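Each of the next two complexes has chain A plus one other chain: chain B in the first, chain C in the second.
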Partner chain A sequence: MRDISTSINKVDNDEKTSGKAIYVADIKLDNMLYAFTVRSKIAKGKIIKIDYPELPLGYYIVDYKDIPGKNIVKVIFDDMPIFTEGDITYLYEPIALLIGPDKAVLSKLFAEVKIEYKEEEPVFAWKDSVIHYHFDKGLGKSALEEGKIIEYVYQTGYQEQAYIEPQGFIGYLETDKTTLIGSIQCPYYVKNAVIQALGAKDDEVRVIQAAVGGAFGGKEEFPSLMACQLAVALKKIKQPIQLVYEREEDMLVTTKRHPSRINFKASIKDNKINGLSVHVGIDGGATIGLSGVVLSRALIACTGAYAIDNLDVSGDVYKTNTVPNGAFRGFGAPQMFFAIEMFVEHIAMELGLDPLEFSKSILAKQGDYTSTMGVFRDPVLMPEMIEKALEVSDYNNKKTMFKKQQNLKGVGMSLFFHGCGFTGSGEKNIIKAKVRLKKQFDKVEILIAAVDMGQGVKTTFRKLVAHILEIDIDKVIFNNPDTDFVPDSGPTVASRTMMIVGGLVARATKEVKDRWNEGSFVVEKQYEQPDYIKYDESNFKGDAYPAYSWGVNVVEVEVDRFTYQVKVNKTWAFYDIGKAIDERIVIGQADGGLAQGLAYGYLEVMNHDKGKIMQKNMTDYIIPTAMDMCSMETYLYENPYAYGPYGAKGVGELSLIGGAPAVAKAIENAIGKKVFKIPVTPEYIMELMKNGKD
Partner chain B sequence: MVKAFVAKSLDDCLNILNQENVKIVAGGTDMLIQNRTHSGIAIGFKTDVLYVSLVDELKHITEDKSNIYIGATCSLEQILENNLVPKILRDSILEMASPAIRHTATLAGNIGNASPAGDSLVCLYLLDAKLEIKSINSTRYQLLKDFILGVRKIDLAKNEMITKIIIPKINFDLVYFRKVGPRLSDAISKLSFAGALRMENNLVKDIRFAFGAVNIFVVRRREIEEKLIGIDKKTIKDMSDEIIGYYSEFIKPIDDQRSNKLYRKEVCSNLIKEFLEKI
Partner chain C sequence: MAKIKFTLNNEVVEIDKDLNMRLLDVLRNDFNLTGPKEGCGEGECGACAVLLNHEIVNSCCTPLANVMDKEIITIEGFSITERYRIIKEAFAKTGGVQCGFCTPGMIIATESLLNKNPHPNDFEIKIGLSGNLCRCTGYNLIIEAVKEAAKAGEGLW
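Up next, the complex of A and B:
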């Protein structure tokens, strides 16, 4: 039998490349209405009065007064209203939906809505902390009392998911049931949020996933807001309604990656880090939502890929009158790995040591304690991966040579990991994933809530089941999740899908295999945390993740000495992801993730001016084109995790994390100045070359 | 309701222009964006429009002894592939937008749009490009630099249209174009630079500098260029600080969502240096 990693064609290649796939905006229902969102024009204040134009017959306004249930979007921290009741906390906060059959008429009416506000001074500075965390490891702060002290501050900017398809839903009523079809990552998040908004019973809400044109975390929690608004409108109007954002609206109002400021302080004894003190500040925007969980993941990753005995770790989520920030591939880790990778490099430079040798000397090994006193239980292949990286990229030779050369070439290496699955006890206490397999004659249907957003779930899960059962993949059925049929296997996030949900599906499949001759039957499995995984959420103590995926990236760049533009010449990437369920799909994820991570590091600029996002379309928000990318060499390492199917661990987020530090270090090597913030734009490089630190 | 006219010939165009109050749409790649609305509803043109992209007479690139003539509806891609067109102009077109846009967009459209960040304008200013402008009863010729009156303002009467772009034939010894965008393709310029040089007996005979996106007009200063005529090769190569000084008062960039003025100004200076290094 073939190794499961051997690639097959993706099962949705044809429908996606031919244009046959049905996205939300493609769906047209009889008597369908369109919804436009009326939004605030100020960043902070109160609504005094709204004057709506006189509405023609068949046109409606839907606002907070129409909500039958709770006016709050159920996320993790529930503080976002579905529609504001008068308080404005950020620019373009939703006030109402304007709904009707003709978009041209809606546009005209929309322009005629007049709102009077009492404006208040908006807060953009990071001073209003709404979540504060702190934990120690070992001696904590007291380890900072001796030895040589080194301190630096690092900053990261916004990042926009820039999914191919903007956010959208279409909804309709079936007698008592409110049905929503959406471009989403988490069907059950949406369903549970809508149940709360409508005050409905469990069987009165149905959520179906349409084809999803990319998500990158952007369709984790934000769709719940749109779905609640639309569900409220459906209840009032009782006609099908489509709510699809235009690109600009999407970029102005949807969640983005949290900007961060990370302060590091280390005490050095005998050329080792004796103690590390870190404070992470992130900008949550106007509501908290997932920000606390994002902060946790950042804090837990504070040692990077290294073992450091004494830690003093703290962080704050700051509330500002800006667009709420939320989930984005990596979820706090990209910010932290940029900062720690730069800091370790800068410590080595300050000590006059070779940065890579210094990194290698403090690298975490199997059996070492994590930042939260969990244990890296599985073998850590990093030394082997670094060796290979040095060999194929000629890193050491290039690094010395580029330093001496006139032209501004540089090479940088990043070392990183990603904790797979939900942080802490989320899987056990909150998600409690369930999967179901239905065997009928010679066919098996996979019933899970996992969404194929381009990452290949439809292919890899069918392949997994077919491979275990030793049957043809055509005998395995996997339709887009519909909450009326699939159990809640959890959201499609946190690099958990193959490892956690796939692990359950594999267990269920083995049972199907054992009972193959029984005819038609159903098998259900529920997540059980491995016994050895214990985590104390409030004290940040224990195993925050059941397993870790690891990576090494090497990036070579050239900086133009006249324009300071960066050209990435080549990347080499090495990932330990347990086991690839399909090698080509993993490499697709890996190379796409690295491109997104590199771009986070040097290309993607987003900022706000008084709460208004300045790069509001794909003309001004710069993501890399094929011309900007380069040849990428990618190596996968097998290192099976006992509870993942065939040993698979997380893949989705890992490959985004190392790009920014690797490209930033490569630019440092090229220009001979220290980099403290990303994106490393030509404007910043110019500033560094004039006034930067050597 | 907006009316749309589709012209099949140049006569058609000129007649419609004479009778109706229309905006001309050639490739439409900027007009459609400027007038965009929601998906699923008509483009929000504010006036009647005249589509000219089917007019065959305006799709030719020709030459005579002293000039190249580019028809107004030639697509950028067509210009890019035509060897009659000066290399520096083709270099600049190659860096414009994406292949899909280049197959539809026109040079005349980029001129009519009169954006300070219009990529083709820099080279056209450098080359002293002229326009042929027709109405039903007249044909006139105007230098491009006089045709552009300001940001999105042009010297074109209601009944007129650009019919040809005329580029004088000059043999330069060195031409150099640099678009500085936020990425390596398909992006709007932060700034752009074009330089050209002709030497005679080792002395500067003709030297030109043009800068885009750093002022409301493309910056081209004939009086500065004239100061440099007659200087020998070695001397001019060492004159970068002086030349940068000459241009300083004309290079007045702004801060915006794409870049900042410090960067734009400094890179202009650097590109003068780079050009002089190449001499």
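Up next, the complex of A and C:
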């Protein structure tokens, strides 16, 4: 039998290339109405009065007064109202839906809505901490009392997911059932949020996934807000309604990657990091939502790919009157890996050591303790991956040569990992994933809530089951999740899908194989945490993740001597993801993730002015085009994880994490100045060339 | 409102419409052709791309008036051709399809490019695809797909 990693054609290629795949905006229902969202025009204050225009027959306003259940969007931290009841906490906060059959009439009515506010002074400074975490490892802060002290501050900006398909839902009622079809990552997050909003019973809400045109975390928790609004409207109007954002609305109001400020202080003894003190501040925006979990992941990643015995780790989520920030591929790790990778490089430079030799001397090995006193249980292949990286990229030679040359060329290397799956006990205590396989005659149907948003779940899961059963992939069925049929296998997030859900599906498939001759039957499996994984959430102690994927990126850049435009010439990437379930799909994830990570580091600029996001479309917010991309070489390493199917670990997020630090270090090498923030724009390079530190 | 006649996917069609309407809306709403997608609505992303007299245009920025007596081919019309089959197989072979939202536009861009230049080099391919944004792939596997299509479809363009 062929190795499972051997690539096959994706099962949904044809429907996507031919334009037949059905995305939310492609669905039309009889008597369908359209919804526009009425939003606040101020960042903070109270609504005094709203004057709606007189509505023609068949047009409706839906606001908080129509909510039958709780006016809160259920996420991890429940503090976002579905519609404001009068308090405004950020610009463009949703107030109501304006609904009707004709978009032109809606536009006209929309412009006639008059709202009077009592404005208050908005807060944009990072001073109101709403979540504070702290933990120590080893000697904690006291390790900072001796040795040479080195301190730096690093900053990262917003990043917008910029999926090409904007957010959207369509909904309708089936007798007592509220049915929503959406561009979503997490069918059950949406379902549970809507149940709470409507005060409905479990069987009164149905959520179906349409084809998803990219997500990257952006369709993790935000869709729950839209779904709750739409469900409330459906209950009132009892006619099909479409709520699809245009690009501008999507960019201005949906969640983004948290901007961060990371303060590092290290004490150095015998050319080693004796103690590390770190504080991470992230801007949560106007609601907390997932920010606490994002902060946790950032804090736990604070040692980077290194083993450091003594840590004093703290962080805060700051509430500001800005658009709420949320999930984005990497979830706090990209911020921290940028900072720690730069810091370790900067420490080595200050000690007069070769940065890579210094990094190698403190790399984490199998058996070392993690930042939370968990253990890196599986073999760590980083030394082998680094050796290969040096060889194929000619890194050392280039680094020395580029430094001497007049042209501003540079090369940079990043070392990183990603904790696979939910942080801490999330899988065991919150998600409790359940999967179901239905065997009927010679076919098997996979019933899970995992969403194919481009990462290839439909292909890899069918392939996985077919491979174990040694049957043709055509005999394995996998439809887009519909909560009326699939159990809650958890959200499609956190690089957990293949490792956790796939692991469960593999176990279930083995049972199907054993019982193959029994005819038609159903097999269900529920997640069981490996016994050795124990984590104390409140004290940040223990194994925060069951497994780690590891990566090395090398990036070569050229900075224009006059314009300071950065051009990435070539990348080399090395990933230990346990085992690829399909090599070509993994390469696709690897390329796409690295492209996003690189762009996070030098290209993608987003900021706000008094709470208003200044980039409102694809012209203002620059994501890479084909012209910006370079050739990417990717090398995969097998290092099977015992509980992943065929040894698979997480893939999706890992490939984004190393891009920003590698490109930032390459720019440092090119310009001979230290970089402290991303994105490294031409304006920032110009500032560094004038006043930067060598 | 005015009557306008054009060729859509090899059929002459006539429609009574406001000629300022976006071609994209007319295609999606009046002809139920949902292969062209709206990604940005301002001509940046190329998800709405169609062929106008065999050249790529963004249908979100094309007023209906501009297609009078012209020939429009959408992905639906193109997908019955041999050239499409070659391009589709190339995208499958290299892994150029992820979420699929940009894909119909990418296929149209590939056809438009190869129609003008059957043997493009890497740089020409990048220019040819530069009006189509993809957030999933990092473009390399799509660039490979175009090269593969040019090779496999030798003589077709």
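Everything below uses one rule, namely that the second predicted complex is superposed on the first by the 694 of 694 C-alpha atoms of A that agree within 3 Å, B and C clash if a C-alpha of one lies under 4 Å from a C-alpha of the other, contacts with A are read in each partner's own complex, and residues count from 1 in each chain.
In this text, a contact is a pair of C-beta atoms (placed from the backbone, for glycine too) under 8 Å apart; a residue touches a chain by one contact, two chains touch by 3 or more.
These numbers come from a predicted model, not from an experiment.
Ranked by how many residues of chain A each touches, chain B and chain C are led by C. Shared-chain residue A:682: touches chain B; no touch with chain C.
In the superposition on chain A, A:441 contacts neither chain B nor chain C. Using the contact criterion defined above for the overlaid structures, shared-chain residue A:20 touches chain C, although it does not reach chain B.
Contact with both chain B and chain C is seen for A:625 once the two complexes are overlaid on the shared chain. By the touch criterion defined above, A:454 lies against chain C but remains apart from chain B after alignment on the C-alpha atoms of chain A.
Applying the stated contact rule after C-alpha superposition, one finds that A:614 touches chain B and leaves chain C untouched.
Chain A uses residues 25, 246, 619, 624-625, 627 to touch chain B in one structure and chain C in the other. Every residue of chain A that touches chain B in the complex is listed here, in rising order: 25, 34, 103-104, 107, 244, 246, 561-565, 567, 603, 605, 614-615, 619-620, 622, 624-625, 627-628, 682-683, 686.
For chain A in complex with chain C, the residues that touch the partner chain are 7, 9-10, 12-23, 25-26, 28, 161-166, 211-216, 246-247, 453-456, 584-585, 587-588, 591-596, 617-619, 623-627, 629, 631-632. Across the interface of their complex, chain A is touched by residues 28, 32-42, 44-45, 47, 74-76, 79, 84, 87-88, 91-95, 97-104, 107, 125-127, 129-143 of chain C.
By the touch criterion given at the top, residues 37-42, 178, 180, 182-188, 257-260, 262-263, 266-267, 270-271, 273-274 of chain B touch chain A in their complex.
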